[in-house]
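Structures for review follow.
Look for subunit A in each of the two complexes below; its partner is subunit B in the first and subunit C in the second.
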Partner chain A sequence: MLLADANSPVFSWNLLADFQEMWAYPFMVNAFRAGAIVSVVCAVVGWFMVLRRQTFAGHTLSVAAFPGASLAILVGVSTSLGYFGFCVAAALVIAALGRKGRDAGAEESAVTGTVQAFALACGYLFISLYKGLLEGPTALLFGSFLGITTGQVLLLAVVGAVVLAVLAVIGRPLLFATVDPEVAAGRGVPVRLLSALFLVLLGAATAEASQITGTLLVFALMVVPAATAQQLTGRPGLSLLLAALIGLACCWGGLIAAYYQPYPLGFFVTTIAFTGYVLAHLGRALHGALGRTRGSSFGLGGAA
Partner chain B sequence: MRAVLPRSVRRHPARLVLSAAAVAALAATSACSTSSSTAKASPSAAAGSNTIQVVAAENFWGSIATQLGGSHVKVTSIITNPDTDPHSYEPTAGDARTIAGADYAITNGIGYDAWSDKLLAANPAPSRTTLKVGDLVGKKEGDNPHQWYSHDSLYKVIDQVIADYKKIDPADAAYFDTQKQTFETQTLAKYNQLESDIKAKYAGTPIGASESIVTPLAESTGLKMMTPATFLSAESEGTDPTAADKATIDQQISGKQIKIYVYNTQNSNPDVVAQVNAAKAQGIPVAQVTETLAPAGATFQDWQTQELQGIADALKAATGK
Partner chain C sequence: MAAAKQPEPDPVLSLRGVAVRVGGRTLWSGVDLTVGAGEFTAVLGPNGVGKSTLVKVLLGVLPAAAGEVRVLGGAPGARSGAVGYLPQRRSFDASVRIRGVDVVRLGLDGDRWGIPVPGLGRARRQAARERVAEVVELVGASAYAHRPIGQCSGGEQQRLLIAQALIRRPQVLLLDEPLDSLDLPNQSAIAALLGRICHQEQVSVVMVAHDVNPILHHLDRVVYIAEGGAVAGTPTEVITSETLTRLYRTPIEVLRTSDGRLVVVGQPEAPALHSDRHPEPGTGGGGHVAG
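Moving on to the complex of A and B:
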């Protein structure tokens, strides 16, 4: 069935009326609240992650959300607990096993890959251990927005606030340590500690996102908004703000689309984010080409 | 990945993170403030109207609810497609809307439709009555969820649905009593007749089955289920059956220890197909059941009657009685 059935609501382009209609349903209100919190937190944390070239670590932490959620279902505790517990634990493992120094990057990616394989295997084990009817592993992997309770929104808000607050405190030294770790270390910035702390924040952010987009599509909210923003501007402050706004737009746009069309939320969020990224890329290329023909030397910032 | 690191990097990241936090807070609060003002436009249209909006997680319960409520209910069933496996159903936004607007919700429970618990929790409504069949018949997660195949559970559900209808719409209590009478004595007459016929003629006859959906049916009709219970639940839950169970079943078929083999066409995998073929090769009659109403528009009693007739025919062919 490609078209929505007769009694399905129709998007009217009158956004006010549409939002009034959607927000008449408690489940949509919670979905929009949770989406707002998660997309902004993820965009900000993701912005640092892209800059620090730790997308692979981010992916691994999000994969850790899968065994977390399935173990939580298996032992009968809240899935949120499983998400946060496993993501933060995986972050600590990666931070503890990683090595500092010149080869840190290579070492970290090997440790990260090891953790990821183990996490996925555990998730599969927990699913097969579960004796009852495990309700949709696909919901764990690709997300669902229909069953978010007010309690969950509150938890997302508290964790999100803590993550952003910590990031606000360590943001400056973290950026310094990211740009030039050796000089930063020489100036007395605790590079290693900051790196571990950031991994924990990354774990918390991916755990948040996993509950909305599922563990496999976390990057739709973590990487794409940051990558798009960094295409558009080279000024860090502006691109950080842009990333948050793009993340929010992708998430809310996806929710609107998923309300009016019976297809998965993860697909819509990812498609909007991807389209935005491609457009930003094209725009940049076009601008670059025009700039060259005019012989002007200013670009959109950043190294060409 | 392109590096974006001009000198201005070190300016004020802290302030920017804070402003991002402000964006998040603003977005989240704007969602809540708007919701309170529009909540009154909620689609639940119970008060004043004489039509109870009913949502049933599965269409077999929906069919029963429709026939019991007659002209005073409007029933929407969520799982209706005979081609989907209800065990792995993923709800849509439309399902959540239906549940949010319902006065009365019927779900199976027993882990069969865990998605409905989530949708109910995400749409709190003090005026909504919820019937969870598993709780009503005292089954918990891990027990056999296919209670609509159990005669006793079916009658318990009928009693409860009528009681709930009368509570929601007391003005039409007499109407609902008549509906119940008609349903139990006339509508289900053929179903009851077939069940007692099979029980009278074939009670104790050993049968084999593809999954636990057949177990309550065997109990209601007095047939003796030979297939190991662990295999039946493994098939129903979609986990891997053990090799020992499969060997037992192969022996039961090749040794003709079972008289008929009953399988669920809606949840059949290579193991089940192999058993069906083995049974047919041994001359063991095969009967079919489905998980949900088949065809999708059938009534509960027509569907059940047709399946019971198929089982009765198979038993007749097998035993000559």
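Moving on to the complex of A and C:
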């Protein structure tokens, strides 16, 4: 909107010159910084989320960001506070109410859905209570990269670093508890505690993503890079690294596109991520088809 | 059998007059069992009688209501590192994109906190990789261990899970219905694998099963649990008309077919309190193929 005037910048295909031009604006520098932090943190947390099949919980936490941000605007505090406060609180609620026994997936999804509906309704109430200059819920729901302050970037960096540090410590037992909860519990891994702790990390990561892509499009940075990476490799370490790189590429690609084109950032980030996912799927299907034709003779050799 | 005859000062597993109560109801009582090193034991009985509960007692997850349980000379659960456990069949669906070797590796160090520091512990990482390759080779899974586990068949997944349970060189391996939902060739292949591990690697295997036929000729010892009681001993001692008649307090006949299968006739079905997961058609009149 701001950049859509007649003498809008033109992408020159000279990336160095383009970046120099974009980074001449402090708000773009902040957008790129925030994007880098958020996409890496979200890709790593999202990788575990996809493996744990908790995308519905992730979605609910991101919806909880909406009332958080709108309440923060309503009472006049920092929106970051609203985002983090509500997402982490919703994570604790889901952790406390759900997963009483093993295989409590059905119960958890019901609890999660209940929390989600209530959160969305509260957000709508706060928006309608706020009668000041708010352009409507669009920016909260679909994201904006304009006006990210250096202070916000700093907060994103600190929270992101804490999330990654905690994940580095609990990563391996968390993977064990995700893939094989019963055996992990038998080995003394605190499966329930890890599950609750992961929900809190998920809350923090969705709160971060909400500030870039908006609450409805967090999956562009949380699910798609992780799902794409898991399509490409079965090695956990490599898969995590790929997810982070794909997330970063989607986010920065989206920022570049949104700088040069008058369309919203959320659309570009999501489209790039979606394209990557489709390509990875096609690539794997093609690889599988090739492998089968080549593997048929190999299979016979193995059986002999 | 040879191991059983040697004087064993400290058996791997020993149960004396053990009883278990779940939800205020005594599932079974009076179980006496001694398992030596490298012995293959099957826990048999109708569904819902508490066979898996016996495994939980041995793991130390559930306390015994009466009697004495000793695992590797200590209380159950005290030496959990030396006890491998394979829970009742879990399968990974096709969307799980984690390689078989990674699942096996989690059995080795999946409970360790933190991430390895690059450059440090290179020797340990190498040793871990070698151990994974060795145990994958032992269960004969090398051909598919590098595929995502979701794309392996049920029998292949079961071999990888056995490798995971064996990776820390346990002295005891507890398995809960490992042959459940496998086809017949896979059942006998997994049974043969467990028999080989048991006798070659001197791992004591305790396995819950509801059909003794695929494992019968690998077995050293049998525990037959019925409602309210249990009998332990060698298969020839336990699976007899007299023993089972006494156990069930109703006339039971054990027949041996020409191919060595045991057929238990006249046995009451699983206790009415429990829903039977595997209704067995074709054994009408209370007949139950148990061996």
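Heads up, the rule we're going with is that the second predicted complex is superposed on the first by the 286 of 304 C-alpha atoms of A that agree within 3 Å, B and C clash if a C-alpha of one lies under 4 Å from a C-alpha of the other, contacts with A are read in each partner's own complex, and residues count from 1 in each chain.
In this section, contacts are C-beta pairs under 8 Å (C-beta built on N, C-alpha and C of every residue); 3 or more make two chains touch, one makes a residue touch a chain.
What you see is a predicted model, and the numbers here were worked out from it, not measured in a lab.
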Checklist entry - Can A:A165 be said to touch subunit B (first), subunit C (second), both, or neither? => result first
Next on the checklist: Tell me the contact category for A:L175 with respect to subunit B and subunit C: first, second, both or neither.
Outcome noted: both
Next on the checklist: Just to be sure I read the superposition right, which of the two partners does A:V189 touch: subunit B = first, subunit C = second, or both, or neither?
Outcome noted: second
Item to check | subunit B versus subunit C as contact partner of A:F32, first or second or both or neither | outcome: first
Checklist entry - Who wins on subunit A residues touched, subunit B or subunit C? => result B
Checklist outcome for this item: Interface residues of subunit A shared by subunit B and subunit C, listed 51, 168-169, 171-172, 175-176, 179, 230-231, 233-236, 239, 302
Checklist entry - Of all residues in subunit A, which touch subunit B in the complex? => result 4-5, 8-9, 19-21, 23-30, 32-33, 36-37, 40-41, 43-44, 50-51, 53, 128, 131-136, 138-139, 144, 146-149, 153, 157, 160-161, 164-165, 167-169, 171-172, 174-176, 179, 227, 230-231, 233-237, 239-241, 244-245, 248, 252, 258-260, 262, 264, 301-303
Checklist outcome for this item: subunit C contacts subunit A in the complex at 59, 61, 80, 85-87, 90, 92, 96-99, 102-103, 106-107, 109-115, 143, 146-148, 164-165
Item to check | List of subunit B residues in touch with subunit A within their complex | outcome: 1-6, 8-21, 23-24, 27-28, 31-32, 34-35, 38-39, 41-43, 87-97, 100, 111-112, 114-115, 118-119, 121-125, 141-142, 145, 236-240
Checklist entry - In their complex, what parts of subunit A are in touch with subunit C? => result 51, 168-173, 175-176, 179-180, 182-184, 186-189, 230-231, 233-236, 239, 302
